[in-house]
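In what follows, subunit A forms one complex with subunit B and a second complex with subunit C.
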Partner chain A sequence: MTRYFTKDHEWIEVDGGNATVGITDYAQSQLGDITYVDLPAAGASFGAGDTAAVVDSVKAASDIYCPVGGTVTETNGALEGEPELVNTQAESGGWLFRMTLADAGQLGALMDQAAYEAYVKEL
Partner chain B sequence: MSDTTHHESEDDAGTPEILNLPLDGWHRARGGRMVEFAGYWMPVQYDGEGGGILAEHQWTRSSAGLFDVSHMGQLLISGDGAEAALEAVLPIDLATLKPNGPRYSLLLNEEGGILDDLMVTRWDDGFYLVVNGATKWDDIAHLRENLPDEVALNHMDDHALLALQGPKAAEALARVAEGETPVAALTFMKGARFTLAGAPAWISRSGYTGEDGFEISIPAESAEAVADLLLAQPEVHAIGLGARDSLRLEAGLPLYGHDLNEETDPVSADLVFAINRRRRTEGGFPGAGLVLKALADGSATRRVGLALEGRQAAREGAEVYAGDACVGRLTSGGFSPTLGHPIAMAYVATAHATPGTALEIDVRGKRLPARVTALPFVSHKYHR
Partner chain C sequence: MSAPNAAGWRPEMSAAEGAAPPTSSGDRGLMLEEKLIFELAAPGGCGVDLDQPQGEVSPALGRFRRAEPAALPGLSEPEVVRHYTRLSRQNYAIDLGPFPLGSCTMKHNPRLNERVARLPGFADVHPLQPVQTVQGALAVINELAHWLITLTGMHGVAMSPKAGAHGELCGVLCIKAALEARGEHRPVMLVPESAHGTNPATAAFAGFAIESIPAGPDGRIDLAALKGRLGPDVAGVMITNPNTCGLFERDLKTIADAVHAAGGYVYCDGANFNAIVGKVRPGDLGVDAMHINLHKTFSTPHGGGGPGSGPVVLSEALSPFGPLPFTARQADGSIRLIEEADAAAAGHPHGFGRMAAFHGQMGMFTRALTYILSHGADGLRQVAEDAVLNANYVLRSLDDVLEAPYGHAGPCMHEALFTDHGMAEGFTTLDVAKGLIDEGFHPMTVYFPLVVHGAMLVEPTECESKDGLDRFIGSLRAVAERAKAGDPSLKAAPHHAPRRRLDETAAARKPVLVWRDPA
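Let's look at the complex of A and B:
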């Protein structure tokens, strides 16, 4: 499994043709206390960069973009009762949705862990 | 104090320069996450243990929160004729304003539109006004233009303003404030002079959270010592602007620039209490003709509270629907930490403004059910 990152602070962990998507720990720290996550419906298809979810914090609502194109297969039901999981476990139990990839080649445009860490350090 | 005939808040290129308040370094040293607000760098929240908007909000509701509101304008209006001059620009009845008790009032334009909301206190040496930070330069210009020359307008920009709010604010403040009047003797909307950390302090029992609490005006050079002293009390945490906003929204208190602006008037804003009784018959304040007509006839729209179901919040600008008809728009909205569901303020057509009315709010094409709710959402706990 390989994990990739976007400049908009989403992560995507790829396992063959399937992937799990969430937001990074840096993103959750910037958003602050998360009170609600508007998740896509299973079966919904998105292109790379499309708004796939919305994360509400006490401060504001933030769009979450689909890192690469694909179709949603499952969403994280635990977030319905515990949206704060995105704060406490952003890069593990606070994942947002799973998807099948339309074109694995799009992953090449994303950053790896080291590149993302360097990117965040510059912000 | 300095005279305020002149002020440059913009540089030569016309780009607003973000200014630092007296406690800028103090906030940064305590993990304040600084954002631009009303032209100043201010802490939206504090990082670290006990920080974050939700934790700060809950701390204020259960203990005591220290807020820096030094961006607000503190003005002193004095001189012969100040009382009459002030009544000519505000719908206030100063004959009923006793010394040292702040009262809420409104700066209105000739159409009855709200230029700002403010507090007025009668001091020995004049009238002390606290106005909003984002509007203070316009307020000063408006007042100077409308006050006679013999009435002095001083901008107390050498003063900082703090707020200590919450159920334990009184016991924390009483431990450190020295004065002829005990802190416990102040009731809601009363004030007195104290000494705090060796500095002269004007303290009133008032605030913007719905909790019992105090607003504290001190010389800027003493701001750090006073903030240190208050924060050293075990009941007190520093609280940022984020929680200030969620607290005031729960308390049903309007925020200028969002819930109030020049397009809103005291009747639609449901602030009729700010038009003091004598002025409702006598008029004589800016926009009186239109305001008194609206008072008699009712207004087309009204500021209301809306309680949402579920957890998804609706924000400022979202449209409010009754069936297919758009009947209003949100002016504030967010998640209520105390209630555990989202709340909002909106202006809606008066026919839909009755508490209990079921409406819907459009959020990104999704209709969220909401119900008109009497304000405040969270009951006030003022020490009367």
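Let's look at the complex of A and C:
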């Protein structure tokens, strides 16, 4: 399994043709306490960069962009009752949705862990 | 000169020491703990003496008759009056002090407006009255429409939208109708990051897909990015000017020319028109539609103080698609209301429909026209100049303790933007806002706009005197210095408000919106 990152602070963990998407710990720290997560429906298809979810915090509502194109297979139902999981476990239990990849070649445009950490340091 | 008696104690009395003792009622001094009206009610209580019906009664409501009594609280008239009066005393209002909300102009509501709005000929009319009986009210609408068109340099105006976002929708629906009349499908609306948050919401509500245009380093629209995105799928662009960083979009004319050349329309969010009224005519900048918040620029009550009103001025290209009804002066001097039946005959066959049942917010029209006529054209220009002067006074008085992210880009317009940069570790914009409550000020807008970190947006308006501004600046400076120094007491602010720091996260995650009888 390999984890990639976007400049918009989403992470995507890829396992063959399947992937899990969430927001990074840096993103949740910037958003503040998360109060609601609006998740896509299973079966919904998105292109890379399309708005796939919305995360509401006490500060703002933020669009979550699909890191690569694909089709949603499953969403994290636990977030409905416990949106705070995105704060406490942004890069594990606070994942947002799972998807199948339309084109694994799009992953090449994303950052790896080291590149993302360097990117965040610059902000 | 002796020091002011800041504590308010009689000098011969020694100051209270330590924590105040609790009271048996829970009230503190004359600050009253007010229960919900349902909790105040006594069983069987009633404020009026109604006759019990005698004999056979046949209800006229048929199957709509209520099966069980409504759970209304039973209270006497003085109990109800006291309840709401007590609540009103806990409210902070523009009549009590400044409301430095950026992005949401809150200014003095002149009492002359109120007097005029209460004249029976304006206050006691009904929208279905025959037009010959309401000629004065219709003349107010017609005259105000004329002023709005003149001040903006536009071609037409739709008076009926009931608030700013409603006006946005009206303008975007005009764009949609114009595109349909041209037989073109343009599904995308461009919205810059520096626009008001309602702009993308409005475009989405009207069925457009939203694409964001980034802001440049000076807080204004990235012109190259915008021009690069224009094309046959773009319906138009929604621009807030002055924008929500408090900056004038200098390139608006260039943008409008490019958008028009690409076949699109320019919507301008005119919520901040108070900064440029009498100075700039948006029509000269190529704007096709712009709403004007009468409750911002023209001083009508705002927020909980009264209904909004958001007339939309339209360019020559969009005017044919404006909604009904509208007023028209006849050859004999009387004013007619153009409705669906006579729209075609009146030369307006392509209106997209109606935004509201009737003509608009009459009470706001009378207030706005009173404000305009009592200021005159020169006075309105001074409104804009003083609003901008006051905002720049705030900006430059505080830019040594608070970071002003676009301070280097020149003067601001009507609002001053600061960030949380430079505060001690763990101290945030929220702490500064709570500290201001202790100082006796309503906080400014926080965490908006999103394009800067920990935004604090201050709009003083033209209504505040220099002394008033100096008091606010002094308080904000004191609180900002505590945040920079990491004063731990600031993390627990407010200390002096009836309620301490509330758990806003729990309120958002687990809101309790309905009172339920605990019994």
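Quick notes on this structure:
Throughout what follows, the second predicted complex is superposed on the first by the 123 of 123 C-alpha atoms of A that agree within 3 Å, B and C clash if a C-alpha of one lies under 4 Å from a C-alpha of the other, contacts with A are read in each partner's own complex, and residues count from 1 in each chain.
One rule holds for everything that comes next: contacts are C-beta pairs under 8 Å (C-beta built on N, C-alpha and C of every residue); 3 or more make two chains touch, one makes a residue touch a chain.
What you see is a predicted model; the values in this text were computed from it and never measured.
For the composite obtained by superposing both complexes on subunit A, the positions of subunit B and subunit C are in clash.
Comparing subunit B with subunit C, the partner in contact with more residues of subunit A is B. Residue contacts after overlaying the shared chain place A:P83 against subunit B and subunit C alike. In the superposed model, A:D38 lies in contact with subunit B only, and not with subunit C. By the touch criterion defined above, A:A60 reaches both subunit B and subunit C. Put simply, subunit A uses residues 33, 35-36, 56, 58-60, 83 to touch subunit B in one complex and subunit C in the other.
Residues of subunit C touching subunit A in their complex: 447-448, 450, 504-505, 508-509. By the touch rule above, subunit A contacts subunit B in their complex via residues 32-33, 35-36, 38, 54, 56-61, 83.
Those residues of subunit B that touch subunit A in the complex are listed here as 44-45, 52-55, 57, 242, 246, 310-313, 315, 334-335, 337, 342, 364. The touching residues of subunit A, counted against subunit C in their complex, run 33, 35-36, 56, 58-60, 83-84.
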